[in-house]
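Scrolling down, you'll hit the structures one after another.
One chain, chain A, links the two complexes that follow: it is found with chain B in the first and with chain C in the second.
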Partner chain A sequence: MNLFLQVDPKTFWNAPHGSTELYVKLFAAFIIGIGVAVGLTFIPAQLRKWVVRFVTFGAGLFYVLFWIFPRPISRTPTDAPRGAIEGVSFWIADSQPVIMTLTNVIAGFMIGLGIYSLLRVHFAKIAKQQRDWAYSVVLVTSMFLMVVLGYGDFLQRQNPANFGLADEKNWGLINYGKDLLFDGLLQNMDAGMFSIVAFYIMSAAYRAFRARSTEATILLVTALIVMLSLMGVVEFMWSGVIDRISPNNGLVQSLKLSAISGWLKGTIQTPAIRGIDFGVGIGLLAMGLRLWLSLEKTGGEA
Partner chain B sequence: MAMNEQPSAPTLAEKLQSLPKPVIYGILLVFATIPLFFSVKLPNKCIDASIDFYAQAMKLPDGCKVILCSDWTNSTRGESKGEMEALLKILMRKNIKFVLLSIADTQAPQVAKDTIREVSSAEEAHGGRHYKEFEDYVNLGFFPSGEGTIVSINNNIRSVAQGKKDFPEGSGPKDALQSPVFEGIKSVSDFKMFFLVTASSTNRVVLERLTNCPMMYMVSGVMVPENTSYYASGQIKGLCGGVKGVYDLENLMEVGINNSGPVQITSDKYKGDSIPGWPGKTNTGKGTAYYLALHFTLALLIVAVIVGNVGMYLSKRRAS
Partner chain C sequence: MGNQYLDTGWFMIVLTLVMVTLILFNISRAHGGKDLYIRRISGLNAIDEAVGRATEMGRPVLMVPGLSASVNAKTMQAINIFAYVTRVAARFANPIMVCCADATVLTVCQEVIRDVYQQEGLADQYDVDSVRFISDRQFAFAGGVAGLILREKAAATFFMGEFYAESLILAETANSVGAIQVASSTELTQTPFFIAACDYVLIGDEYYAASAFLTRQPVLVGSLIGQDWCKLVMIALILCGATLNSIQQRGMTKIEHKDGKWVDLPKERAVLAKDTFFSHLLKADPEKNIKLDPPREKLPPDQLPTGGPAGGDK
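Our next item is the complex of A and B:
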């Protein structure tokens, strides 16, 4: 039963987009949520631990059942379950979208929590005029400006009367502001920050990539072959040389850069990565099991 | 007194091993930026993963529907934007409608929409048609919980779009499920392909959870090795990686696969199967623009490693 979904026919759990009813329900849900969160802080620590364990186990159990319980095959919306097994199967399948919505909401709250934490730290820094408090002012101002201008621009573009905003000539202060902050600054700083990595790679490769041992030499030669194979001109010229030496000899042909790098990737690299993946997978399974059963003590208790 | 001893001049070996950082950075800056001013068509051998990507994309029926998960931002625009542009050109020229979503970054949907707008305008300027939001593609936006969302897409895609609004410019919010893109869609298997353009770990999130729709990935260069194992196992049907992958795609769009002509790209895998390109159209893009710069920087990296190693060899010989 899709109790929580925004489906037709309308139920208690949904409301039309933009309606007063929806906002009232959202506000009520927010207040109840805050109430539950505050209420949890008042219960004894020992009991709180069990609440966390219960919620963690319940959440994990749902996905365990989702993956291992027999699933309905070729089910149509009008199908009714026959027997208990199918009933559970249908229930799990129908509940998954609800769980998905809940996890998205919880993840959304984490963004809110991040914003709250950021503001708390930086407002405190500004109020006490601690070291580098001016940077905090820049951060908080930028954040508010981005929110205000971004949302203002979004609202303007939604209005059918402002269809001309697709053309820059019709922009106003808000649109230019958003364009400057998002496209002009944030996007380019994002790209600029990551491009710095190239300088670190170059410097690190020059200083650390040395043939100090047999293993390091093998790694070095392999890396050079793969890098050369990515250079179309080198690959083209080398293939030309190989073709001129012996166009039909399989052994000579296998000396082409693409053939060598293909062999390295297919025979050495891919199996090695698969091996690592298997190891990581088993580790994750063990860790997941420990978290699910609340056996993991590191990371703090509730 | 030892204090008055003049330090001996550094040897060649020492000099080779200790080039100042500003010099290295300066050379890299020059090598990476100057080639960007020249658009040079360089010889190239397309790799199998790119050929498969292009072939599978071209084999999609005209006017069909696909999912496009855009998980990149401008931090990797050098690679990801070129990939996205090449993919959009293929989709738009084949009139393929798509669902757009993101599970990696809050900025990603806006960055994707801007790219779609740019490619659509460029295609329109060259005789193509304008791709309209909501009509030709529907934007589901950002999902903070990627894992749960992909499971839901696999389980019941309509439930993912239920209650979601698309916000096409110049009109109010519209129910995503009312979009023509969702017409006739009952499950994810009604979509012909799931394209993932990513520069983050969402490749695994999707791979581990999506079982009812074929997938193809476009990833950044550093992600190619880990995704090659999924391509080799057949879990993903094609793989486009980094600038090299984009350049491959741009070449393939120009000449196709196994076609006659002055420039040919052949593939034994598609023997007897001629896959067309769009010769003369605006197929070149970021791949062609950046491939020369990739050459220069890789060459510089190789030279830097060789110089360092020669210096180490000389100092070892001197010491012995």
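Our next item is the complex of A and C:
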């Protein structure tokens, strides 16, 4: 069974799957990771700020280069750079997946903290038998079962000898258990939660579409026109009336619900969304710039 | 010339650099003590009111920094706003709850919230379980947060960051317990839901203006003014483009841009959108502006970038 399949075992960052080299590298990377994490805790508080700034700037600089420096066009795996510029271009392109993987590694470390937080809260609730502690028991039990059965099923399916698991007839208790928990319960409960949105839309719309002010009235009328234009029968009947009044007059024809709704969406809604989009994009750029240059003071004084 | 320049040439890079320069210039202006004005944002004015109300009712303040799968600029902005909310809540000794959908966000949130309590000299009031991980599955998270809102009867809720289909579930649940709600989603598709269900909504870049408005730090205020200058540049470009295109498309042309050079047309014709100045400015012409390698099959063997069958071993 090979859980460490490598797509392209050619560079320093890879090794042939199942090889001793791969396991040595994994072990070394793990030790280095732990070493770095422990080492960081010994850095004096004043210096820690500068380490964070340095790492943030370095990481940001890489992505700025990745974005600005010309990227290879139609590159094949066997291509070699023909000069310094292409060399840098190839290096950046090759390094990007490794940098991305580093992010995943950090996230991997963090998921442990997430689980710890979850268990801490719910074990405390169970131990003290606080209000609704039974729900915590259900959560911890489901989590434990899902981890055990999910990993059990995953490991079985990774083994090439178990290719028969594609057929339900060859399933065992673990496979049925995982199927029941994931596909039978979790997926359906997800769908159940999602379906609630339909009812919430109705209740929220009922509150929002009340003509309490000029703006709310405009919103109400606009929504009504768009909704009516999407109702086939209403649209058909109204268009019939318009056609009967004046089939060739452009001004009268533009009073069709579909025409008004199209104008609202194309002339009012789309430019407004574009405008907001520009603002959000520029805001994101400024925020990213401040974070990259460590100008942002998170949790600053009020 | 690289792959990323094929679409818009140098224009987008230059425009971005102009914007970066404008933002940095205004930050330096604000640092220099220049008094810069920011308009009032009602959603942010309501924060103190919402926390005060929660204190009067003796119920907690609940904050959700969205569903971001990692710590990014959007999440950091949400955490910045929550730091302010927490500061106000800490001064009133009001309990808070921060619900995270990602473990990295949880870690950063815990650090920031702890820092805020320490800065206020109330480190003993900080409850490590007030910042908690719920789930990284969208609807499990929605269910978990909705349950918390109902059980704890949150008096004020703040939803800031990346929200998707769960936005309305959270907002409507909070509404059902009578919570005062301030929300903002970086996803434009969710903003209408928040507008329908919440008391105050930060729309678009108001979200990114929030920390400048709340803290009045020169860097943030300067950055905000820089953003406004960038928007003015964009508006000017749009107006110039629309005007120039309108004028140009009323005329006739005898030449057109083809295969990297201007050629005479056999017959005069109306100017099309592709002939206009802005069309040429925004769409790079690969034949003229970008020096591309010829197709591989047309290259002589000694000019092929291939370094041998192993690749790179020249």
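Throughout what follows, the second predicted complex is superposed on the first by the 199 of 302 C-alpha atoms of A that agree within 3 Å, B and C clash if a C-alpha of one lies under 4 Å from a C-alpha of the other, contacts with A are read in each partner's own complex, and residues count from 1 in each chain.
Keep in mind that, in the parts below, a contact is a pair of C-beta atoms (placed from the backbone, for glycine too) under 8 Å apart; a residue touches a chain by one contact, two chains touch by 3 or more.
This one's a predicted model, so the numbers in the text were calculated from it and none came from an experiment.
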Which of chain B and chain C A:188 touches, first, second, both or neither: first
Contacts of A:82 with chain B and chain C, given as first, second, both or neither: second
Touched partner set for A:173, first chain B, second chain C, both or neither: neither
Chain B versus chain C as contact partner of A:124, first or second or both or neither: second
First (chain B), second (chain C), both or neither touched by A:251: neither
Which of chain B and chain C A:38 touches, first, second, both or neither: neither
A:158 touches, of chain B and chain C: first, second, both or neither? first
Contacts of A:111 with chain B and chain C, given as first, second, both or neither: both
Partner chain(s) touched by A:203 [first = chain B, second = chain C, both, neither]: both
Residues on chain A lying within both footprints (that of chain B and that of chain C): 103, 106-107, 110-111, 186, 190, 193-194, 201, 203, 205, 207, 273, 277
Sites on chain A touched by chain C in the complex: 10, 67-82, 86, 89, 103, 106-107, 110-115, 117-118, 120-121, 124, 131-132, 135, 186, 189-190, 193-194, 196-197, 200-201, 203-205, 207-208, 273, 275-280, 282-291, 295-302
Touch list for chain C against partner chain A, complex: 1-6, 13, 16, 19-20, 23-24, 27, 70, 73-74, 76-77, 79-80, 83-84, 87-88, 100, 102-104, 106-107, 112-113, 115-116, 119, 128-129, 131-134, 136-140, 142-143, 147, 151, 165-166, 168-169, 171-172, 175, 186, 188, 191, 193, 195-197, 203-205, 207-209, 211, 214-215, 217, 219-220, 223-224, 226-227, 230-231, 234, 292-293, 296, 305-314
Residues of chain B defined as touching chain A within the complex: 19, 21, 24-25, 28, 32, 42-45, 47, 73-78, 106-107, 110-111, 114, 143-145, 147-149, 151-152, 155-156, 159-160, 162-163, 165, 167, 169-173, 175, 225-226, 228-229, 232, 244, 247, 291, 294-295, 297-302, 304-305, 307-309, 312
Chain B-touching residues of chain A, taken from the complex the two chains share: 2, 5-7, 14, 17-18, 66, 93, 96-97, 99-100, 103-104, 106-108, 110-111, 154, 157-160, 162-163, 165-166, 182-183, 186-188, 190-191, 193-195, 198-199, 201-203, 205-207, 209-212, 220, 224, 227-228, 230-233, 235-236, 239, 258, 262, 265-266, 269-270, 273-274, 277
